[in-house]
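In the two complexes that follow, subunit A is the common piece, with subunit B as its partner first and subunit C second.
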Partner chain A sequence: MVFKKSYGFAYLTPVLVLTGILYLMIVWNLVASLTVWNGILPTWKWAGFANYLNLFSLERFWDNLRHNVIWLVVFIVPTTFLGFVLADFFSAMKRTEVVFRQIFLYPMALSYIVTGTLWAWMYDPSSGLVNSLLAAFHVDVARLGWIADPNIAIYCMIVAGFWQYVGFAVVVYLGAIRGLPTEMFEAARLDGASRVRVMFGITFPNVGHGTLITTTMLAIFTVKTFDLVYIMTGGGPGDHTEVLPFLMYQVAYSQRDFGMGTAISTVILLFAAIMVIPYSNWAIKKWVRE
Partner chain B sequence: MSLRADERKDFVLPYIFVVVLAVAWLLPVYAMLTTSLKTQQEVAVQHYLALPAHPETANYGQAFQALKQGLVNSLVITIPATFLCVFLGSLAAYYLIMFEFRYATIAFFGIVVASFLPYQVVLIPLTQLMNDLRLLDTYQGLIFAYLIVNTPMATLVIATFFMKTPHSFLEAAAIDGCRPFTFYRLILVPMSIPGIVSAAILVFVQIYNEFLLALALTSNPSVQPVMPTLATLKGSEVAQWQIQMAGAVIVSVVPLVVFVFLSRYFVSGLMAGYSKE
Partner chain C sequence: MATVELKNIGKVYEGGVRAVDNANITVNDREFVVFVGPSGCGKTTTLRMVAGLEDITEGELYIDGNLVNDVPPKDRDIAMVFQNYALYPHMTVYDNMAFGLKIRKYPKAEIQSRVKEAAGVLEIEELLDRKPKALSGGQRQRVALGRAIVRKPKVFLFDEPLSNLDAKLRVQMRAEISALHTRLQSTMIYVTHDQVEAMTMADKIVVMKSGVIQQIGTPLELYNNPANRFVAGFIGSPPMNFITVKLREEAGKLIADEGDSQIELLPRQAAAVKNLAGKDVVLGIRPEDLIYDDKGGRGIRTRVEVIEPLGASTHVYVSTKKHQLISVVPPTIQFKVGDEAVFHPILDRARFFDVETEQTIPV
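Presenting the complex of A and B:
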């Protein structure tokens, strides 16, 4: 190449070192999860798989895992679906599209802590916005407890996530739909296909990469739901809204059992790696092609 | 307009649907704003959609008092962290895109995976590392942690924009005796300003809004960023919704201003960062 390589390598070094530290932390976490580590400092005393076995024997762990799966399904499918439908509508609009896009996208700029504070208030059983609104429309559902109700709390929380993330799905799909050739639609319209038919029969199958991006990113987001849980319910009622990152935090920072905390991190890592590694592979291939 | 009846229906129905949903999407923030300006008596009546009779700005005074140190800390941490992320990221992207490097694919892969992995998985060792380095409860410690977590993403976003600069520019510059750093400083960066701004906004908003690392690595109020401070405010002002909402508005001003005035870059950063489009 035109510039001397040895000299140029210095440009990459800082990021390589920082990313290296990140990977080192992952390895550290893996090793620590196989040791006894109660209290402030790591002991590096070998414990084999004891932390994992203890963890898997906890009913709370399986509850948390189930909640993560609920998030995966109940959060991703509606968010992706509405995002696609809105993007399809927006792609047919002229000037108003920008305004609407902004309205659905602005929650993405907010912190989960803000979203959580706001929605915790809206769901407050005695004085929250949701119950007040329902009462104003004379829908008296006996003043539901929302996030205080163990049966529906997690779904209420998912709605807050949905509110925050639909805009992301819209933007991804809007980009994907804009990239399709217009003849594709014109032919279908001439054949008299209805709008819904065009939308799901032609547009949707042709924006598969948009679907892949949206679902993967939303799935990765569900791993990061700690903030919402912390601020909205603190995991309650009982453990009904707890998710694995929250359990990790509790076990490590409240119970000071860092050994089991790192074991939970490893489970989360596996969960994430299943999605991240193939996705990264795909993203890089797509990149190299361009 | 000579639309057929069913075509008109095709257009009007989605429009109504979108408008209704848009109202629903704006409602929480509308209620947040009006409630933040009400007196406690007014809040107690629960007429959340009504405007406040007399805007009660004292709520903001009280919330600001509790949050101002956190806001200062957040800016002191976020601004240098963003600058360093973008600067170091752009150098790395320069090397990866413009130089021939045998291990480029592996380095790239490592950086892509690092940018997507949720940082929650390294929370415990990272806290331990900061403890060992005596960086807990310091600005430097949080800045360092945010660099570790955010530079991979910054590198990738900038790399997507650098890729649009033709290689031939670099070759021509080299033949003319241009030094690599001069090329970076005088040609590549000025040509890629939109990309660099997009990356900066993405990283800035992410760090400013971050909560878990801030919570785990700081506890001293003189260092702690604003999101944990808001969480504390929420805990201490139980059922004082007007104060909580005023606080939520105050901490959202910075990212919302960025979103409104730099929305083009916000969107392109989002796209480049998450979908590699």
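Presenting the complex of A and C:
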């Protein structure tokens, strides 16, 4: 038996090694965040919590954090909601469902670079598709700058993220809905429940595991959003679309301040943990175990 | 008043698969009708057409005299109990039972009193705050029954509601559903593959096979006068014995020749099947009509293969060179596997079936 146990444990070695490396890097990151280091020279200076104190005193940091929170709220809820509604519609289809599923899932297969480039072009105030279409309907587009407009740039970017991720939500929810017993829906039909009532009163409460996966994955994506920002706006106009991962990149690689950069990445890690862990625990308890 | 009438009802699925063919059934007010048959016989499809969960491709369906072919399920005033209970997992027992009433916008007080009343009848009052996950199979099925009862529908539909329960609970629930029928005095249609359920519960049984109704009648009508070999074999447990015999005339008498054994037919039977002399027919004998003869004699000579003592009676599986037969004998008769045994059929109760058409030959 002892042999068998250790034998089974051996299969976990690759995962354990990789996880070990991951945690090692986190520790290393934490240590580096307490130093002054340019990332190239082999020497560094111990700085204690100076990087963190400097970071928290920056208005730019708080703006970036606020942008991350906007992403969380404005991106996750509509993506999850529409993903569920579309999945519910598709689940009632027979053959056409496959076509729709692929249409909505296709953007997910694209790299963020492609998505960013595509949407940056669509939002282009002078030659972009969005303004061209609006002009075709005789809408005055002279003042519609989209991602060049500081007031709406971040929301325009969130739309691109939504476009890329709604297919993911659809597929997760489709799987969850397909797993539900059909008799439950038939019972609801006999009970006289309307389509909308069935959708939100019967289906949604029973696909909690789908909601858990979707929202958690979207939250993780949101917290580490970088690519879209880098490609579409470079954080602009001003710092109106900057988010923490972008700031980290700027500070660490453009300004060569690795101490501060790693401090930002530690904050991102904490932010993600604070967002995801308690939520996951709550959601697992509510939707999966119950 | 609630009658259900199926007129020439048929169901053809996409791709041309025919599930139900020309079903004509009349379910009278307050009647308990059971659709019975093996898997794939079309009984559940027929029930689902009555419920409105399945489109009717041919024929007309009337509930209370109204044509309801195109009426949605919710407007047919029916309630259905499903095999796997189909409870809403996220709702309490109370909410499960109240759901249909809430949707129909009943006043809160009325919902409360109806749920309480149904819970009282089904003895599940103490479970009202629980969720389905915290209930046993039997309790869940009671809740499913309760959900149907509170609606006070014109017609109750049951789709194999006891199939997921263990044998003991099934017998108990069987009796409870029968009692419920007596108490509610409602029209009920019940689907099962279990002929014992059909026999014990039904006012009227509809036997189906391959989408076609084989016979409609009371349990005893079906048992005593089956329309064909399928019904004869399906209704009754253990099933009827079928013995293929050649009929021949001998000294003015008609003899059924099994090969090893010869059975002289009664004058009434001989007169009825005389025109079949020289041909094969199938003789149907119920296991309880195959009587063991401890003196040997000129009956059907067999060898004992399997013995199943049930306490009150014993099922003996025996074989001739050509046939496997079952006899139900009193427990006082002791057999050993390999014993030679002679059985006499009670000929007066024997049935005759055409070899080709399998229809009953009236005698």
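Quick notes on this structure:
Going forward, the second predicted complex is superposed on the first by the 248 of 290 C-alpha atoms of A that agree within 3 Å, B and C clash if a C-alpha of one lies under 4 Å from a C-alpha of the other, contacts with A are read in each partner's own complex, and residues count from 1 in each chain.
Basically, contacts are C-beta pairs under 8 Å (C-beta built on N, C-alpha and C of every residue); 3 or more make two chains touch, one makes a residue touch a chain.
Everything quoted here is computed from the prediction, not taken from an experiment.
By the document's definition of touching, neither partner reaches A:Y155: not subunit B, not subunit C.
When the two structures are aligned on the shared chain, A:P205 is found in touch with subunit C, with no touch to subunit B.
Once the two complexes are overlaid on the shared chain, A:V276 sits against subunit B while remaining clear of subunit C.
For subunit A, the partner touching the most residues, choosing from subunit B and subunit C, is B. Applying the stated contact rule after C-alpha superposition, one finds that A:K224 touches subunit B and leaves subunit C untouched. In the overlay built on the shared chain, the residue A:L86 is in contact with subunit B alone; subunit C does not reach it. In the superposition on chain A, subunit A positions 194, 290 are in contact with subunit B in one complex as well as with subunit C in the other. Within the complex, the subunit B residues that touch subunit A are 6, 10-11, 14-15, 17-18, 21-22, 25-29, 31-32, 35, 43-44, 46-49, 88-89, 91-92, 94-96, 99-101, 105, 107-114, 116-118, 120-126, 128-129, 147-149, 151-152, 155, 160, 163, 170-171, 174-175, 180, 184, 205, 208-212, 215-216, 227, 230-231, 234, 239, 241, 244-245, 247-248, 251-252, 255-256, 258-260, 263, 266-267, 270-271, 274-277. Residues 51-53, 72-74, 78-80, 82-90, 99-100, 103-104, 131, 133, 147, 151 of subunit C are the ones touching subunit A in the complex.
The touching residues of subunit A, counted against subunit C in their complex, run 181, 183-184, 186-194, 197, 202, 205-206, 290.
Subunit A makes touch with subunit B in their complex at residues 1-3, 5, 7-9, 11-12, 14-16, 18-19, 21-23, 25-26, 28-29, 32, 42, 86, 89-90, 92, 100, 102-114, 117-122, 124, 127, 129, 132-133, 136, 163, 166, 168, 171-172, 175, 194-195, 213, 217, 220, 223-224, 226-227, 230-231, 245, 248-249, 252-253, 258, 261-262, 265-266, 268-269, 272-273, 276-277, 279-281, 283-284, 286-287, 290.
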